[in-house]
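Before I ask anything, here is the structure I am working with.
First chain written, first letter: the chains are A, B, C and D, and each begins at residue 1.
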């Protein structure tokens, strides 16, 4: 292998045009064909190439607008009352980065949506409010700020906030653009609301204790039987993990939300992590394939992504495109910072497409 | 679940525009955001939706043009001397259907290419000629007409035809469009030709006997250790299988090229099958997710795809887009017909996106 | 299939002896052979047949004797200072039931053993004391009463009690008889004590939070990365699980200690469970293959095993042989009872030998 | 780790007896208990320890006696007309070596047995005759000399020889002793003969072509879907493999009969291999855990097992106990020799108990 990335070498397409060739190309075109060498260097890049740009969405700017949606439309009209975040270069596919969609959903006390399902998978990361819940295939799951909740592929789901709750805001993450691109999405509406088939938070009570699972179930679905990952457990776990593990030069202390009966990703198409940047952490840069959407769960700092600096604080959302160099910095010398992120690593990994590079 | 596919119902976005909303949308746009309900019904279709159209490429029309490439460019200039087939609706991504690329490669006796590798995976289905070979990660593999050969993701590879051979033509299948879309492709050129690290056709000799494998190897790569599937074994196997199995109403007798140590697909991103349509076979229509490129290995007939009839004979290539209704018919009452096809089912299945529907 | 279990039917050996046959048998014997029909009905029983009898060991009776061992021998002399419990019918193989060994180990404050390892796997269930710990392959793990700790196959291990602790008593469970029977056991002594390669309780801090695991490790060993399962988490989990799950008629609420990254058993040859019998629980009888050793972790009650009643209270140990009918009863109408058990189910299941029958 | 295997060192039991201790032991015994240090060194050997001795059964000596069984008893009387081979040290469990049973079954033209099933698994290696067949769960499988056939755990099975065939002799291999030891065996008789649910040799026609499997079946049983491995394919495969692979110093060219959709063993409890010793091959000695029963499929030679020489020729049967040093020699300088063997490696491997040592 050589490291010369010039297209003017053996092994790359280096055909010079000529009238004869142009005529030939025309003839091919008429038959629904083309000469590979006219596009080869373009479709076979030397390195992974992303179509997205890095972006940051400041919650200070978006919050009021998101809340305003609650005055403008009802859930009944909108289906879901969501402000979605779109990458400047991915508007055609409504993606925040790569093939990942993200949005901010607002639900007022007493509101609830009707149920639906789709081949796209979904996840939620809770930003504000009290009394929020989701119902996934008959499982009601209550949630609090910084909890992480999954809604796997083809499960019936609906959301709401208790009458005595407070307006809830959460981030939705979906692979809608990917599933559309793969020409496999579908959609169905439920007649009304789901019946609760399990006690509230059943999945947490049965699968929320590491290595201690029910013998009466034989879970064989391709996603985590644990539907909620609670911040009240996650943050202390992260703090303790930070004490006993080496601090990674790029990522601080990074733990993966995992399927507790496979150790793998929580769903087939999207994964998620929480990482702690210790006080004063100043990360090195690296890059890897896979697209990432971050939400700042705690603290403030900045990231340099593809050479551009993005300052963030709690609740801000930003993205890192595939193969973009990136580094994270905690702005505080006394407080840790926590970054939630979700990604398409299950896709990238299961198809054998992961690679990374340190600077 | 209801089967009403009207967008004018609860659970779909039904917000009517207003000056106030338009102003709101504008404000969102300025922040890299949008209102989900303005795009929801579009990005969440009721059923899988393909961007490709069905097409057939007649070999009678293409053959001369493909062979002509051998007069117009050398492998040294072109990298690979290939005429690629492109879907009318997928020109932007150089795909024949969905995210699959296919092309017709021509190599003359004595010619050979330099080696390269890429994150895209490749496969070949041999159409004409004698003395052709490929070298994959140090394994030299000779091939004959209707043989099926794989070049997995990131393996070094090069091709050639023996001095005393005859001009070889084969179909290439690659997932270049997919790997580009997933922003993970790369490319490297080898300095010269690979050294042969194994005896010729080593993989066939070690893994070509069903259920009788070497004890001295512990194969742990994510693709088949068997790199070539020979027509001289495949066709008789298919004929025998046709005698003992029920004839499937949609597909006749369909066997899958498989990894002999996992039973799964031969590679992580592309699968392949060979199916025999018995004499007189007139298939029913069905549809499923996943994109397919066919080559007629034997016989003649026609397929009706998305309502359009395509007549085919040996060596013709055609495609079936995701979720398109399709049915196959053998034109002969005395001879069987055989259809080779490759697909993106490993992607569709591993991501939980497969579904099918019979008429 | 018929349900007639008489040996006097077609399909069973029914050859009557004769002088000619006796002579024939003699001839065979001289060649290291025999006639199958002379042993077939014996070696092919109609139903699973255990060689063990049910037994109960009362801790009231054993405790003083076990503690007395601490006066009689030192760990240096004894290797391990353990009183082992042996089935009346399995003395030849030192097994408590089936091929499972169990013993009661006593360690005084300030004592510690030297390290060793063996192909047999081990587990501990803590009965008394404070300040106890084990060191497994460089991981120091502290433990408390009713904690469950594993020492997988071929890991270096040693135990001790802190100087300022209290005499610790724990139950050891090992598959020594099985590994000897499979002719695969071995033993090695470590020169002195192991160096600690990880912070104390590292495995609990990294894998003790369900579905939230480190990204910097790629655990690929065939046993649980979580080495300790703490009663302070297990008991509340069981109580909560009892609220949301159906009460099983045979087992009350039974949860399995599991490998948190596979969902399977904690080790390759031994599994373990904790079950809660609600106040007033009166179980039905059933039977299944697999051998079980129980320890009462909490409460009192009785079990009827193979028709014999065994009354138990906290710290008592009893066994259920393979295929023995058994039922469990909580003696209290106000307090729950908890039964810890370990078993050879990983063996039985991985070899396809599990079956169960309800009355 | 030290390599001193003396029991007189720290880490081994070194307690000297005394009247006080003897009294203590007595007290323990009365409670169904004992002091571990009195048995520890015995039950925790330094190295794997087999209970079997190496043995060879000469077919010249056994053949007449085996055939004579056909005159002495009918299949109806005997259940199965089999002469079994028993290890001098394993008579109590009717095992040829370790926990493996083997026998020689004789069936005359026109004879057939009634069907039965058991939790023990079975395999056959054909020694003589024509027209033999077995029926496994409704699959009729015909066989010839040196074919290898499986009868997995709990499948209904029966055997016979066609009216116009010749007396068939085959070797049976079963794990009866193991399944009895694991207290899990059972037995059931079928009312009469099985109905054939599939065309003859269906499994070979569907799964006998490496890497080309039916799409209409979703095989999910824990054993190979290929029930017969034919010598007419196996021997040429072995000869070809010998040309392209390194000759192993211990085993010549050894190939494993494998499940073609997992690459693993053909059944959950027994595996099998065929190895070719090239002309003039003189193997080195090694040892490993696992018990092996060999049958000479072709040629002649000798093996030195645990220091003892055993001369063998085609059809002889011999065994290698766990951890016994062994080496194989081909007596011919012009002809290759082939050794079939079956073993308990699936058990040893799945339980983490495999180890090997070269001299």
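Throughout what follows, a contact is a pair of C-beta atoms (placed from the backbone, for glycine too) under 8 Å apart; a residue touches a chain by one contact, two chains touch by 3 or more.
The UniProt protein names, listed by chain, are A, B, C, D = NADPH dehydrogenase.
Bear in mind that the values here come from a model prediction, so they are computed numbers and not experimental data.
Touching both chain A and chain D, which chains are there?
Correct list: B, C.
Of the other chains, whose C-alpha centre is the longest way from the centre of chain D?
Farthest from chain D by mean C-alpha position: A.
Same or different: do the copies chain C and chain D touch each other through matching residue numbers, with over half of them shared?
Chain C and chain D contact each other through largely matching residue numbers.
Please work out the Cα centroid separation of chain C and chain D, and write it as a whole number of Å.
Roughly 29 Å separates the two chain centres.
Per the centroid of Cα atoms for each chain, what is the distance between chain A and chain C, given in Å?
Chain A and chain C have C-alpha centres separated by 43 Å.
Compute the distance, rounded to whole Å, between the mean C-alpha positions of chain B and chain C.
Measuring from centre to centre gives 52 Å for this pair.
Taking each residue of chain C in turn, which ones touch at least two of the other chains?
none
Quick one: which chain pairs are touching?
Going through each pair of chains, those in contact are A-B, A-C, B-D, C-D.
In their shared complex, at which residues does chain A touch chain C?
Touch residues, chain A against chain C: 198-199, 202, 205-216, 219, 224, 226, 229, 233-234, 237, 240-241, 243-246, 248, 251, 254-263, 266, 273-274.
Per the contact definition, I'd like the list of chain A residues that touch chain B in the complex.
1-2, 4, 9-15, 20-21, 24, 27-28, 31-37, 39-40, 43-51, 55, 57, 61-62, 65, 68-69, 72-73, 76-88, 93-94, 98-99, 101, 103, 114-116, 118-120, 153-154, 176-177, 179-191, 222, 268-269, 289, 291, 321-323, 344, 346-348, 350-355
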